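Paired with chain B in one complex and with chain C in the other, chain A is shared by the two complexes that follow.
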Partner chain A sequence: MMFRVDRDVLAEAVAWTARSLPARPSVPVLAGMRLEVTDDQQLKLSGFDYEVSAEVTLDLQTGESGVVLVSGRLLAEITRALPAQPVDFVVEGAKAVVTCGTARFTLLTMPVEDYPSLPAMPPAAGRVGSDIFASAVAQVATAAGKDDTLPMLTGVRMEIDGDTVTLAATDRYRLAVRELKWQPDQPDFQAIAMIPGRTLADTAKSLVTGAEVEIALSSVGGTGEGMIGFSSSGRRTTTRLLDPEFPKYRSLLPTEFSARAELVTSSFVEAVKRVALVAERNTPVRLAFRGDEVVLEAGSGDEAQAVEVLPVDFDGGEINIAFNHQFLLEGLGAIDSDVARLQFTTSTKPAILTGGKPVEDGGIPDYRYLIMPIRLSS
Partner chain B sequence: MLPQVTTPTGKADDTGCPILHVDMDAFFAAVELIDRPELTGTPVIVGAAGARGVVLSATYEARRFGVHSAMPMTRAMRLCPQATVIPPSHGKYGAISKGVFEIFHAVTPLVEPLSVDEAFLDVGGARRRLGSPVQVAAAIRAQVAERFGVTCSVGVASTKFVAKLASRQCKPDGLLVVPADGVVDFLHPLPVAALWGVGERTEQALTRLGIKTVGDLARVPVATLQREFGAAGSHLAALAWGRDERRVTAHVPDKSIGNEETFAHDVDDPETIMRELLRLSERVAARLRAAGYVGRTVSVKLRRSDFTTITRSRTLREATDVAKEIHTTACDLYRAAGLDRVRLRLVGVRMENLRPADTATRQIGLGDREIGWREAEQAMDKAIRRFGPDAVRPASLVRKRFGPMDL
Partner chain C sequence: MRLVIARCSVDYVGRLTAHLPMAPRLILIKADGSVSIHCDDRAFKPLNWMNPPCKIREDDGTWTVTHSKTGEKLILTMDEIMHDSKHELGVDPGLQKDGVEAHLQELLAEHITTLGAGYTLVRREYMTAIGPVDILCRDQSGATVAVEIKRRGEIDGVEQLTRYLELLNRDPLLAPVRGVFAAQEIKPQAKVLAMDRGIDCVTLDYDGLRGIEPENPTLF
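Showing the complex of A and B:
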């Protein structure tokens, strides 16, 4: 087996594939990256850890068919460091030789016959623009739980109803919901999937901008071993789905509020970041809304304290409400708007953060970030 | 100048000796003797008589046979079979202890309790009002004896640890002043084990170096001690010369609150163990709430039947005083310890990382009820205050009243 390819093209493909390789492989071969040159002059690079698979296909200028398995991390480091010249990859016996300009590397190959075969891509269900999909996933995945002992909360729930996709995630303390349009292959397509949050966020982040993503789903709407696949621009990823169990979140999203505050997002973010300097992890920043001002405070009497006053467009009675500063900042980062709108009822009821101009009467914004307050001691 | 036992007229040189260490003499035993005056002058041991009980307190007559507190009852009874054993009755000691501390607080606000029967007092500020430290000490001793019929011993010195050593030297029913310029003479003949912070390990290490008395220790270069004991080395050197910077602090916040239970028989049934963890969690949480604290770290102590002990702890996202949360974490820790089907002799639950409850905040979870476990447990506290300790408890801790054995 041999092939020749441009350094930039190879480095990007190898780096993308290496992302999904396990850091601590359960079996040594899973640390490998599989490289295959097909008879029709294509190079396929793939990685798999039984949960997530990644495969990228490139067109070759020169190639001789064959397949080989080498250490994925090492290959990624080497290709990143190579000079900007064509790369020659040649397998000689049990060794693979990488030559580029004046550099030459000899790598040991791994037993390719022991490598598991990648799962087949499930049937395609529809497609969506990569940019809107990537931004929607980022907005929602920020609220997904990071605690692997509660797997149900580490996922992003994807509900598909015709041409509407709803993404939702919660870690019990906040809930992010985003609706977007897509093009289903069948107009009445319906499905529910729980996608591991970290994998989905990584996949969405690595999409090529301006492209289209094809979403493929197996075991649609059912339970058990479901799988979802994303393919775009010669790259495909599959991941196993989680148990579809999820809180009944729609009833938890309040639709009526007694107070509404609008702030300039950037100055709100700056102010929260500043006062939060004196707040420990998981401790609150306290907001006191008074007429056209909001007083932000953090820290406690025994320790350092910070206070800052911001102008606010406020509609409602005087209220004090406190939030985990990290949750508030992540929400403000996700709304993707110059104006942040915070709506709430009392200091112990959920508050909703949205961005942009108010939606016409009865409308619901595309993106809602629910945040549960912190109760201060009475 | 040698230390001296003074008379209540207070002639000793107590200049620069504002620290008092007041220690009740054989406190629990002395309290029991109030109700059993006929036992005065005889060996008496207070402790639970069971096979696994320990000595809580013993009269000086019993101590002469080698009995001391924390000793297993079985051993104490072998040493002094003629002793009268009185089972502990806790309410009584608490009431008298409270009265004794009221006497202390009438003297100075600077009272640092060490336990129910022992405290440091800084009486430097009471000279004008009540007289010299020795006069104050004598007055305290007289009042305690008069109002409660029990005796205490008082050490008077310039520092806390010397005062404590002094009270020990003059027990029972004594008063000893160590004048500020007599500290070194007082300390140097004492064995090193007398120093605060010198436990069995340190004592052995010191003995290996040929250091037996505080005087020996004082003559070892500080650098040598630091090499041998690290930071504790310089502390030891300071103590050997009577230097102790620690002040009397009126209120030492509790560092942790915990309860443990020795099973009557070793237990390997996880359900029984987790039920015991529930009982202990309830007790610890009630104590936290009563003291006005919340804690962030839950720690579980598990002692196997061969006495090997492991402790496991976990720090929670937020501080709590809710038994339900403490119990959930305690059970997780027990299950993760890998002691399934291992016979346990003792289990304990402890909350560490305490802070005042009024600074605590609580992240509300999605779909949480406004009124949750915390409120339920506060309601339990109220019911228990009104109707007694058996008024409310988790159903799994209610003993089946009409089990087959009761019929």
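Showing the complex of A and C:
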């Protein structure tokens, strides 16, 4: 087996495939990256850890078909460091030789026959723009739980109903919901999937190289359940799904509010960051909305205190409310808008953070970030 | 246990030399013969000490503690003895680092559905020839599940569960027995080993099981 390929193309493909390699492989071959040159002059790089699989296909100018398994991590480090020249990869007996410019590396190969075969992609279900998908996933994944004691909260729930995809994640303290449009292959397609949050965020971010992402998922009750696939411009990855259990989050989203505040996102973020400097872990940033200004406060009489006043476009009765500053800042970072809109009912009920122009009566914004306030002791 | 409070100075003669100037101190002479000298601050190790086996000779104004094997000496020059009393303490039950593990077992047995809907408890401390399995239960389909509970899930816990599973699976009435490794925190190495052996890992929320609400209010 041999092939010649451009350094940048190879390095990028190897780096992408290496992301899914296990850090602690239970079987040594799982640390390997499988390289295959097919008869029709394509190079396939793949990695698999029984949870996540990744495969990239590249077109080759010169290649001789064959399969080899080498240490993925090492190959990724080598290709990243190679000079910008064509890379020659040749298998000689039990060794693989990588030559690029004046550099030459000899790698040990691993037994290919021991390597597990990659799971088949579930049936293709539809397509979505890669940029909008990546930003939507990032907006939602920020609210996913990081705590292993509640595995169901570490995932992002994806609900597909016709041409609408709803993504939702919550860690009990906040809930992020994003709706977006996509092009299903069947107009009445319906499916529900719980995707591990971190894997989904990584995947969506890494698939922006192509214009569209194809989502492969079986519909409710279909075959090949328990797996979701994403593919884009020669890259395809599959992930095992989590248990589909998820809190009934729609009923948590309030529909009526007693007050509404609009602030300039950037100055709001700056101000929260400043006053939060004196907020110890688990102590809130307090917001007091009065007329056309909001007073941000943190810290207590026993320790350092900070106060800042910002102008606000406020509508409703006076309200004092307190939030975990980290959760508030993550929400403000996720709305992706110049204007941040907070809507409240009372100071002990969850508030909704949205961005952009208010939608016409009855409409709901694409992205909603629900945040639970912290009780004010005084 | 003999407690002596005295104004004394202490000299240590042995592998190195050390001197404690004259001051009031607490001297503990324990049942095993060991001697330790404490000052009045911190819950801390003694200022100087002699481990057993050692002998103590009490001359007028000078106590000499000699190690029986190495010959090292602790010489206490006694200026004034303010207190001297003796108490019988008996055998110590040993330090119990904490009762968390036992409590976790009790709580998980009470809330066995933490492992999954439809789980039913068979018994806590299910006895096998090589020791008790923390919890034996049945899953929703009625298959036997052995649970090993640890505070910190490490490799040796997985090994322990593996041994139990091997033994339990020889019992035709129980087999096939699946393993669940439950801990408050599971080390990555232990997780890999457990997964490789087909053992499920469950991270337990001690506060949640105890019914302690999170510090801050939650959405649901």
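By definition in this document, the second predicted complex is superposed on the first by the 367 of 378 C-alpha atoms of A that agree within 3 Å, B and C clash if a C-alpha of one lies under 4 Å from a C-alpha of the other, contacts with A are read in each partner's own complex, and residues count from 1 in each chain.
Throughout what follows, contacts are C-beta pairs under 8 Å (C-beta built on N, C-alpha and C of every residue); 3 or more make two chains touch, one makes a residue touch a chain.
Just so we're clear, the structure is a prediction, and the values are computed from it rather than from any experiment.
In the three-chain model built by superposing on chain A, chain B clashes with chain C.
Touch criterion met: A:Thr283 reaches chain B, while chain C stays clear of it. In the overlay built on the shared chain, the residue A:Met121 is in contact with neither chain B nor chain C.
In the overlay built on the shared chain, the residue A:Val294 is in contact with neither chain B nor chain C. Of the two partner chains, neither chain B nor chain C is touched by A:Ala176. Look at A:Asn324: by the touch rule set out above, it reaches both chain B and chain C.
When the shared chain is aligned, chain B comes close enough to touch A:Leu376, but chain C does not.
By the touch criterion defined above, A:Ala54 reaches neither chain B nor chain C.
By the document's definition of touching, both partners, chain B and chain C, reach A:Thr348. Comparing the listed stretches 57-65, 111-119, 165-173 or 201-209 of chain C against chain B after superposition, the clashing one is 201-209. Put simply, chain A uses residues 170, 172-175, 247, 252, 282, 324, 348, 350, 370, 372-375 to touch chain B in one complex and chain C in the other. If you check the complex, the residues on chain A that touch chain B are 170, 172-175, 247, 249, 252, 282-284, 300-302, 322, 324, 348, 350, 370, 372-377.
The touching residues of chain B, counted against chain A in their complex, run 317-318, 357-368, 370. Those residues of chain A that touch chain C in the complex are listed here as 23-24, 26-27, 147-151, 170, 172-175, 247, 252, 282, 324, 348, 350, 370, 372-375.
Note for the complex: chain C touches chain A at residues 186, 188-189, 192-193, 195-196, 203-205, 208, 214-220.
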